[in-house]
């Protein structure tokens, strides 16, 4: 028998290496007893064994109301994957004062860096020029830069301003870009305080030279960037699709981009892996990236850092700081993949 | 006869469109009589006709000591090309109080943006992943990001800290990158005030995860990044060659980069255009850009803006503000192309 | 009968002018029916009449568990005063999904500006020099600046890093000040991400040339800056007491400051108004300010702005953005005045 | 006989302690032979003895054309006082390629800090409230803040944008102040690039809630802020006079400020020390500072740092970096005190 707190780690599909370093694991074990399971969901019997003592669950262990009732010391469930799975009774957890938290914000900087790199690659023609050079038909200087556009002083648009938008905004500041944001869930005063101008979707689509699609997908916004909306995008805009393919009419998006209606980079797809014979593989004009924007080594290092920063906090009964709270209503509404 | 000042525009190889907008030209003509010549150097006879009245020359009209003596009202020669041509007697101009100025700083932001885009493209594997995707062998998420590196918190190195370095530094600030600079012409205290750490060339080469070659070429630094120095570059560094090919042993640079010793993007070449049969066209691992980093529309718009900002300044006998002065000693030492 | 939402405004001791402008009130009335009461707490009978319909309460109307049960449509209680009054059953509100929110963050910028002004006034001797000048005994230049200290590059310490610290931090950034923070409720990684170094209380007291006391008062930290702690303050430090007098042994603080042990500015007092015969009025060496740091016109303008920014948000079932959530445990622990 | 360069230090009225630390002096002596004289101007005979060898003069040793001709190895004259004395033949030095340099920029940060402190002290009423508190008539919170104004989002005006303006601008950035500048010597495009709006003098006077007088005095601008101009200052503006009293009609400035027409802080006076019976000593409403804004310990530490940073630079034939060049025309025009 022990008075030490118990932390249950059930982080699948994250591996141990993705969420702990040797050092942060050692610090955790100083603070708490740790029960862990990787390479699949922790078996129910194992979970049940620890419910009476568990204070923190790392991972999205199914926790319905009944199970929450059997976990009287539970303080927090820490989602280390990003999307909210529908396996937790968010409302009941909230009622019981169990924090449901996510490391989602830590993935955002890597995505923001990808967005900047992709936007410059599109605007400055890095891939096309590289190809022309290898083919022997490159042109030099101003003659090769006919349609090049720059982030400096650009009219930039964000569709959605959550973790990704907040991480991307400061990267654009030294370019003195003007950022218009469409996010129906955010008030204009807040966006102004963030250095952005609140705008309608049509304004953002029609007015942006660099356009970043950063919105999550929810029950009620699936496919809202339909063909008719996509047709409003400013000709020759540079469009980076970085959050979820499902917010677009994806075939229309690919068709318009391949036809040169706008320049595009895509990191997310309706089905992943993309089928071998998917026609997108035969496009010539789209910068393709296989969901590589967020999930890099640095992002996982940040998960390890934030977990060991906040777990002691939670065990001491203090509120989370950088871990993001699930909004009960929103977490339930969000579509998981 | 008139008391209006005379401005002589002899801007070749810049075209009129590169240095004036309709609006800025109109403003200039309000201030001064303008004699202009494009599509080649202004004929000597034409130049001579205006020497007695000319107050500003825009362009690098040959001005030896004798000609300077025949231009008693000359206040400034404004180089709109960037490199210092050896056609001006810099020391005599200085003695006579004739400012020899350059628009060089205005090209730097576009180059800095290119550097950021290329660094992210290399570090995050944008081109390689795009190619793998089109080939059908892409990998997703962390599995596809095995060697991806990020600018966030990166150890960044600059070789040279002139206009390019000063333009690039603020773009890296929101990434919280640590910037070490090797520039033998700049003191450590100044670099510290710029948010950089002064370092030896070897430190910068061996320690930088992202390395930017930004040094101009001068009589005494040609090829200083020789094979032995290049061999010190940190394995898997991302190297952007953005200033002048001549500062490197260029064949060695290409060989090492193609061999995967480091990742590289190259915007400048020993001979431009690159010969059709140059083996560099057959490389697979280098991001090639045909001197596109600086010379884009936005850069020329900045030239137009700065000229009309500063010409009235100069005509009023005031010092230049953003136009850069030739250092008599340095201008003479700089190798032109 | 109506389907319009009802907002109950019971904002005492705030007046109408403090929380609405004509424009923001008009926008509110477009959105909702408004029942309001100023110049005292709203009578119970009036409150009860609206419980069945009320969706938002602006003010700290007493809401115990029974009342909360009688307000089934209540979404949020918005505290416009700052401190958490013990008149609300925070835990029950949380269980019911009623947000208890505060405008506290909007007062912070004015306090942060006061802190900078007071720190410079102390460090550069503005008041003393003004007095010497009027007395005719001023000294000029370096001779008058014997003990002047500057924020540039200074070792700055914060005791507490909540709303005030977060507002003050960016104001110190252009001074390149190094900021150490003692806040037992915050983890080191978070503070590092904010550009601060986590430090023990002793380190902050002994090491800071400019010291800002920004901690709120809670059941367990009253008087923690006792005489023994205050004695560790670096000689000739500039200390600004801006949050709550109760975190200090106030008589000891005054005694040490008046004795010249350190320089001090005080904006908050154990009893306000300070009694007419309080010996603090006879001090010569302390900069006194009568709780003026936060409550200025600009702060109230921000309240009006944030209320009209977020009320539509809350009525639409969306989470608050800039309004601050009460932590149930912390709100209960916080001592009100 | 020696090949070592010779540096002549003739820095009066600066003392040795003001321009060197033990460490920087040791570093200088490693590089060069040093001849020094303090407590008065170096005797002519001593100066003459070293002219044939001297490479750098630190201080404003009289150097007319004849003496310059006798100093064939002289590279630079480094003014460590700030104002340009009329004892040097600036035009001849320029013709000979002798740099005439100044440490003026290093004094600017301390002045900028003073400006921020004084502006907040005025806007927030720090001195008046302190006096009221000691007198027992203080008022609390919003009731005491009737006319308090804040730098946040303020309309700020600068009269003059030289070293002082450039140092002050970034300190105002986190307040999101809007800065309008009147400087007849600077073009609008440059000011825009600095984050300022170029404006007429009348606009700046009439439109600024916080007004900073930062202009140097020259032959043609003495007293340009005359009574008629001062009368245009926005009622209740906060005015900081930080550069030179001579740019104003000083008696009118004092009279208007004392009468409450605007709030004012003054650091510079027509005659210093101010006479014992000067009526300014009997003012009640002006914040007086006896030329303390720039000359503090930190400023002198910066002189020591910049000298040892740049002297090796100059001895190596490289251009100065942070030392400021005298403009031959401007240096001659500037009135010394």
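Some notes on this structure:
Here the chain labels run A, B, C and D in written order, and each chain numbers its own residues starting at 1.
We take it that a contact is a pair of C-beta atoms (placed from the backbone, for glycine too) under 8 Å apart; a residue touches a chain by one contact, two chains touch by 3 or more.
Because the structure is a prediction, the values reported are computed rather than measured.
Listing every chain that touches chain B and chain C alike gives A, D.
Shared contact partners of chain C and chain D, listed by label: none present. Ranking every chain by how far its Cα centroid lies from the centroid of chain A, the top place goes to D. Chain A and chain B have centres, each the mean of its CA atoms, that are 37 Å apart.
One inter-chain figure worth recording: chain A and chain D are separated by 50 Å, centre to centre, where each centre is the mean of the chain's CA atoms.
Chain A and chain C have CA centres that are 34 Å apart.
For chain A, the set of residues that touch two or more other chains is empty.
Within the complex, the chain C residues that touch chain A are 91, 94-95, 97, 185-190, 193, 305-306, 308-310, 312-313, 317-319, 321-322, 327-330. By the touch criterion stated above, chain A contacts chain B in their complex at residues 18, 109-110, 113-114, 116-121, 124-127, 129-130, 132-136, 138-142, 144-145, 148-153, 170-171, 173-175, 272-274, 276, 281-283, 287-292, 294-298, 300.
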